[in-house]
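Below: the structure, in structure tokens.
For reference, chains read A, B and C in written order, and residue numbers begin at 1 within each chain.
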Amino acid sequence: MLDLFHNLSLGFGVVFQVSWWSPWWLYGLSLPISINILMCLIGALVGTLVGVLPGIGTVATVAMLLPITFGLPPVGALIMLAGIYYGAQYGGSTTSILVNIPGEATSVVTAIDGHQMARQGRAGPALAIAAIGSFFAGCVATVLIAVLGAPLTKLALAFGPAEYFSLMVLGLIFAVVLAKGSVLKAIAMIVFGLLLSMVGSDIETGASRMAFNIPELADGLGFATVAMGVFGFAEIIRNLDAGAEMNRDLVQQKITGLMPTRKDLIDSTPAILRGTVLGSILGILPGGGAVIASFAAYTLEKKIAKDPSRFGRGAIEGVASPESANNAAAQTSFIPLLTLGIPPNAVMALMVGAMTIHGIVPGPQVMQKQPELVWGMIASMWVGNLMLIIINLPLVGIWVRLLRVPYRLMFPSIVIFCAIGIYSVNNAPVDVILAGVFGLVGYWLIKHDFEPAPLLLGMVLGPLMEENLRRALLISRGDWSVFLTRPLSAVLLGIAAFLLVLTVLPALRAKRDEVFTESEN
Amino acid sequence: MADTMGHSATATRNTSVAISFCLLAIAPQIFEFIWSFGTIFGWGAGRGPATVVISHATALLAGAPSALIGAIGGDTKKASSDVLLALIYSYPLFAVAILTLFMTIRSAQDYVGGIVLMALALFALWASSDLQGMRGFSFGAGTAPRMFGGLLVALGAGIALTGLLVDGPAMAHYSWRGPLFVMISIVFFALAIRPLGVVVTAFVSFLLAAMGTHETRWVEAIIVGACLTLGCALLFPYVLGLPMPMFPRFLVQ
Amino acid sequence: MTFIRALAGACLASLCGFVAPAQAQTYPTRSITMVVPFAAGGPTDVISRIVTSHMAQTLGQSIIIENVVGAGGTTATARAARSTNDGYTLITGHMGTHAASVPLYPKLAYHPEKDFEPIALLAGTPILILARKDFPPKDLKEFVAYVKANSEKVNAAHAGIGSVSHVSCELLHSILDIKPVGVPFNGTGPAMNALVAGQVDYMCDQIVNAVPQINAGTIKAYAIATPERNPSLPNVPTTAEAGLPAFQAQAWNAMFAPKGTSPAIIAILNAAAIKALDDETVKKRLLELGSVIPPPKDRTPEALATLVKNEIAKWSPVLKPAT
């Protein structure tokens, strides 16, 4: 315990390190500034911006900003990059809620209930609760990293290919549960997403699959491309339909209070707590952990709610819980990096690059060898979260005012922002056209009452599921029983089976009742 | 009397649905035909329009049936990709189109939705037909796509079936103006961003998209478009440091 | 300030990526774009950045790194091969993009020898044979005997088709004449994670990623596939010392220009690159990464051309096409 306080004070010492700045225009006067606080602020601001702008992802931005950090001291550079990463988690919920465009895979579920709240004129409470939930989760997760970072590493190492496969199966079951309408249609959408995720080169043989010799498809369809299409462009096209003006105007007139009411807070508190716990645990798992965390949190809320039918129609818990979960996961995903030196996702891999360029290659001993760096970063996360909530709560008012902009001006702007965002991911014009095509696909899906959220989850989890299945079978030499003989994997599959039965049974019963009532008439 | 009238109405609906399924069945062939005109102007590599028409026509009319008979007769000669497209994708959809004529569709939304999903899955099955399957205990490149493709065919059929058994909504109304102009705007953006730069592209795309609705007031749109363009030109290349050209090439040169 | 300048430079560069061929005597008159076919922060990217930052001082113009990822670096290399050959678009290629890609991708959109003018070899990262910490063999000789005896049972990890870890392990396997199961991962991070966790038995990887793990004892290294020991891992023997001299592999990185770039420009760039490699700070930073700096005789464009030729010949029998 003493160690912990010592380490944390070291960390905060690093963050609040003051240096004297004497620019020439002050004629010899010096100002005390803290470079690391400044870096943290810049990171948080850029992260919020990146999160809010549709299409532009954290990976692309961190990659773009990486060269700039080469001129900075390593601690400052990492604090800034980390700030971008979790700042984007705050910002990502904004576009999901306001215009139904999730910028990151982790904010797909936020769009489901968040945007419904916005349509009911409750965008303010939705945005505020997302920020509050994220802040709470961020604080808890920071403490968790400081206290339990090292022991939790074991969890990351206990997950082999078999466990990941089972986790991905569980994740896909979540996607079925969160569907509003027909279970059959939700499953079809997941499988459609899985098929889309197969496009590109095969991991094991390198063979090009369903890419039709288009070089831009060689590495598969980007998440941003498909998400901007089926959510962003499709939503715009749908809103342009004749007769849709009425609904839009209604949304604009109805805006009520900006801040959550007492009831909202009481409803969301347990949801935030549950989301934080789920997110903290799942975030440690490298690859896909954070995405599954937000879906798992939503599913949990829907399953334990007294009235599950509220979900998908603007339930505040459906915003609070996944937003807490994704921010908690974003923070705890630093654990494998800080304790093992192994980057769990693409953004972290870029951070390792930033360290490498400064001559620090992170490894299992990075905590002992670079305590200032590690603890400075951990302390900065808490500071960063504090900054983000201070930045984000006042912004709620501005965002909500944006909703009052007439739609005839709003939609071309969204089209342009989305197009630039998608283009910037790979500097590939083909991606923009593909997103447009997926916009038409999404429009068609809406017209046939298919939900896009399960499709996106299938697309994100598809490659992870296939890769890990094949890895597990390669290692076991084709023995399928590994998924049941390894205890963790068996437990995960058990939960998945249980959830599936729980979801499908009432649906079947309802269908049967429907058929019976019809035949009686 | 009313009943028969209603019946004849569904009959005409069914014919039009069946015809559109037939079109869907040869959509990839038509797409390649349109695409092949590009080769006349030297864009891209591919077959010329004449070759495309001849090879697809022979595949659809003669190649596929003979391959089918050959397969039954134990002839293992490898079929060409056009013949496979006809076998895997077009024929099942033609079959569905014919069946459609005899069905009473109770929910067009579900029925058409299911069949189109099925078409997508069949197309994916064709696209992954050249990939290697299982090799001993390890998956080949084609195993998973075929597995999920097959599953989606079944699910699509299931959804279509509910459209036949359970009453539900009819086809929703599609409008053309919004999708058309938004797509034109997106395609223009994609083609123009490299040669023309952010400033011109963003402004023109904004106005193109704005044509998607009759509500647009042009003076207002031009002013907002100009402001937005300025904002984008400052925000993306400068603040976020994304590499993209600002002005048209010919002007800079 | 440097922040703004870097950004302004980036914009300028993107504006001027198409001006008519410059005269060699005044070259360079504006900033140069260096395409790096891998993500920022990877070994190739880091080496390019260290070397080009010094070259920029020599040339008096900034060099902007553009990371273009995809398809094992071949997307970016194909794009660079088609760019204007005025000396303002260069590429850092490596063992994968300019040698191993030839046998791996039969439909490759470029040829390393025919579509590029070699400029200079920059630096290489040595390759190590690594294993999980409780893998039975104690040294390389035992390792060779063990994997030969148990080639049906052992699992080799690699970071994806076409990656350095994949092609170098294929070389090792062809030397040992075995075909163990190769377990593919998505990048070196996840592959290293599996090795640390003991889910796979061994892998071949670049020194940069492995040093901290070896020092911490979470994995072990049998040998380094270079002629000399590496200062960052003085206790790891070379493959020659440990009894497998045939296994020599290095992830070399080199600078190329599109075909037809004038020889005068190539000479200017080559001189600047050599000057950078001789600089003490550059040397120190490269050595910190465990890199090997080529000796003066290997730094000429001709030597690089020979290297590319030899490497293609070396990898062609080892690697089979991906499709």
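Observations, loosely collected:
In the analysis below, a residue touches a chain if its C-beta (ideal position, glycine included) is under 8 Å from a C-beta of that chain, and two chains touch if they have at least 3 such contacts.
Quick caveat: nothing in here was measured; it's all calculated off a predicted structure.
Centroid distances from subunit A, each centroid being the mean of CA atoms, peak for C.
Chain centroids computed from C-alpha atoms place A closest to the centre of all protein C-alpha atoms shown.
Among all pairs of chains, A-B has the largest number of C-beta pairs in contact. Computed centre separation for the pair subunit A/subunit B is 29 angstrom, with centres defined by C-alpha atoms.
Between the CA-based centres of subunit B and subunit C the separation comes to 40 Å, rounded to the whole angstrom.
Averaging Cα coordinates per chain places subunit A and subunit C 33 Å apart. With touch defined as above, residues shared between interfaces to two or more other chains in subunit A number as follows: 68, 204-205, 207, 427, 470, 474, 477. Annotation for subunit B: residues touching 2 or more other chains are 138, 241, 243-244. Looking at subunit C, one finds that residues 6, 181 touch two or more other chains. Against subunit A, in their complex, subunit B makes its touches with residues 109-110, 112-114, 116-117, 120-121, 124, 127-128, 131-132, 136-142, 144-145, 148-149, 151-152, 155-156, 158-159, 162, 165-167, 169, 171-175, 177-179, 182-183, 185-187, 189-191, 193-194, 198, 202, 205-207, 209-210, 212-213, 215-217, 220-221, 224-225, 228, 232, 236, 239-244.
Taken together, the subunit A residues at the contact with subunit B in this complex read 46, 49-50, 56, 60-61, 64-65, 68, 182, 184-185, 187-188, 191-192, 194-195, 198, 202, 204-205, 207, 209-210, 212, 233, 236-242, 245, 406-409, 411-413, 415-417, 419-420, 423-424, 427, 429-430, 432-433, 435-436, 439-440, 443-444, 447-450, 466, 469-470, 473-474, 477-479, 511, 514-515, 518. By the touch criterion stated above, subunit A contacts subunit C in their complex at residues 63, 66-68, 70-71, 156-161, 201, 203-208, 213, 215, 218-219, 286-287, 336, 340-344, 346, 348-354, 356-357, 359, 361-366, 426-427, 467, 470-471, 474-475, 477. Residues of subunit C touching subunit A in their complex: 2-3, 6, 39-43, 45-46, 49-50, 65, 67-71, 75, 78, 104-105, 107, 109, 155, 160-162, 181, 183-187, 189-190, 192-194, 196-197, 199-200, 208-209, 211-213, 215-216, 218, 285, 288-289, 322-323.
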